[in-house]
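Got a structure here, written out as structure tokens. Questions coming.
Per-chain residue numbering starts at 1, and chain names A, B and C are given in the order in which the chains are listed.
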């Protein structure tokens, strides 16, 4: 039986894979290339986290992520144009994925005994590094470094989780508050066009 | 005494390193940069595989890959122009390397007890990820995502290996059939100009 | 109490982070993006080394690198223009960091029982790979592959360390000679504009 978290994991993976496949298609990648970029977007963050934590990457223990990416590719092949109309839906899906992936990353690190500042970084890597790999593959400057609040939402969610944990709240409450913080920070910052200041350095 | 597989491994490493050195030279890298790109092309796929499988990367146990890359660099420095005439020879060498690397990746994963779908991915990473790293280093969109059948040949070879293994054939037969499938898929698809369809997505 | 090596480590991390933040600012990254690029420049080399050596990355055991990068970001935000006047100071800091990081990488590998040719590569990765990651993030061809003696200084320092070790000199002498070799190779090659030859290959 599917749990609620598994459904969210599926939704998040699907949304992340869609974003990879779409950007690959804009660069005229073939089907295989688009699949690989979609897969890397979906599992890249978790893989880097698991390499750093020295555990087996999650996608190597369950083929669901491969299937999910295949469905995302199929979706773009069949309904490519329809996607533009669904942009706001996928934005919500992506924010759900970001929230869930962040909480999973934080929890996994805490469970392995790492201090909280490591856990917050791992949560942010889980949520945001897949998009960085995607942008390196399509040879663009990573989007998350330049525009909108994205990885910062992960950091905010990680801090909220830590606050709840420090107050000895139940694990499910920590997850709920952490994930909601990511989701709201991400969606509200886009809605109200809140950005971080840009650097104007020396060179 | 050198075994037949060791000779093939040498040939494959040399061909992969040559491809890295040549593309680096087209971007006017210095000798050291060309050496690093050649080396990363040759050992990059196997290194990512070994990091994911949590074993020591193969090149850290045997300096042959360093020597092989040095010979490849020397070759390009001395016979740069001659290489153009030898293009078809190097295409064959590269396909041999691809076949061998794929089989090595599949075998290593199976020996460590991973399921076959993981082994097929590991075989493809061993064969194709070095070229992706090369293209990221020279700041180009990875070639294998856009043109020709390349990593798909690894997937086909992995599936052939798995089929033979399911039929309980002897290991050397699995290797032979798997490697031959990679080699033929790669060479025939180029000869007959077979490509995967390109995506035309939303954006 | 701070040891001398810890102060050098701080200086090197700060200099590496500054270089990341400055190049990010030239590409108009936001504060968060600049922080991430600075951090990756500072700890990227050591992280790749530790993943290859299968030990926990150093920055996950001590938050000093995060703090150091935050100070570097603050410095660029406050004194961006002043940095241009301090270019030669930061060049010296960067060379100190390069020397120290190389020696740390060599030592750590030797202590784990790896042969010397692996240790020299690990020293070079510790010193130079952070800059490669930085340049991939800002979507430029890695500088160290094209211009000036940089990673080659690490290789020279590693060889010097190995020579001292072979002559059974005391560890602190090996460190001193190795680090000084890196520093002098780097600074003198820039002062006298010594470069490696560029490849002119086939394509």
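The definition used in the following text is that a residue touches a chain if its C-beta (ideal position, glycine included) is under 8 Å from a C-beta of that chain, and two chains touch if they have at least 3 such contacts.
What you are looking at is a predicted structure, and each value in this text was computed from that prediction instead of being measured.
Trainee: Just say which it is for the chain contacts: an open line, a closed ring, a star, complete, or other.
Mentor: Graph shape, chains as nodes and touching pairs as edges: complete.
Trainee: Check the residue numbers that chain A and chain C use where they touch, and answer same if over half are used by both copies, otherwise different.
Mentor: Different: fewer than half of the residue numbers at the chain A-chain C interface appear in both copies.
Trainee: Just give me the whole-number Å value for how far the CA centre of chain A lies from that of chain C.
Mentor: The answer is 30 Å.
Trainee: Any chance you could list the residues of chain A touching two or more other chains?
Mentor: If we look for residues of chain A contacting two or more partner chains, we find 51, 54, 136, 139.
Trainee: Quick check on the complex: what are the chain C residues that touch chain A?
Mentor: 21-34, 36-37, 47, 51, 54, 56-57, 60, 63, 66, 76-77, 80-81, 83-84, 136-139
Trainee: Which of the residues in chain B come into contact with chain A in the complex?
Mentor: Residues 51-52, 54, 114, 117-118, 132, 136, 139-142, 144-147, 151-152, 195-203 of chain B touch chain A in their complex.
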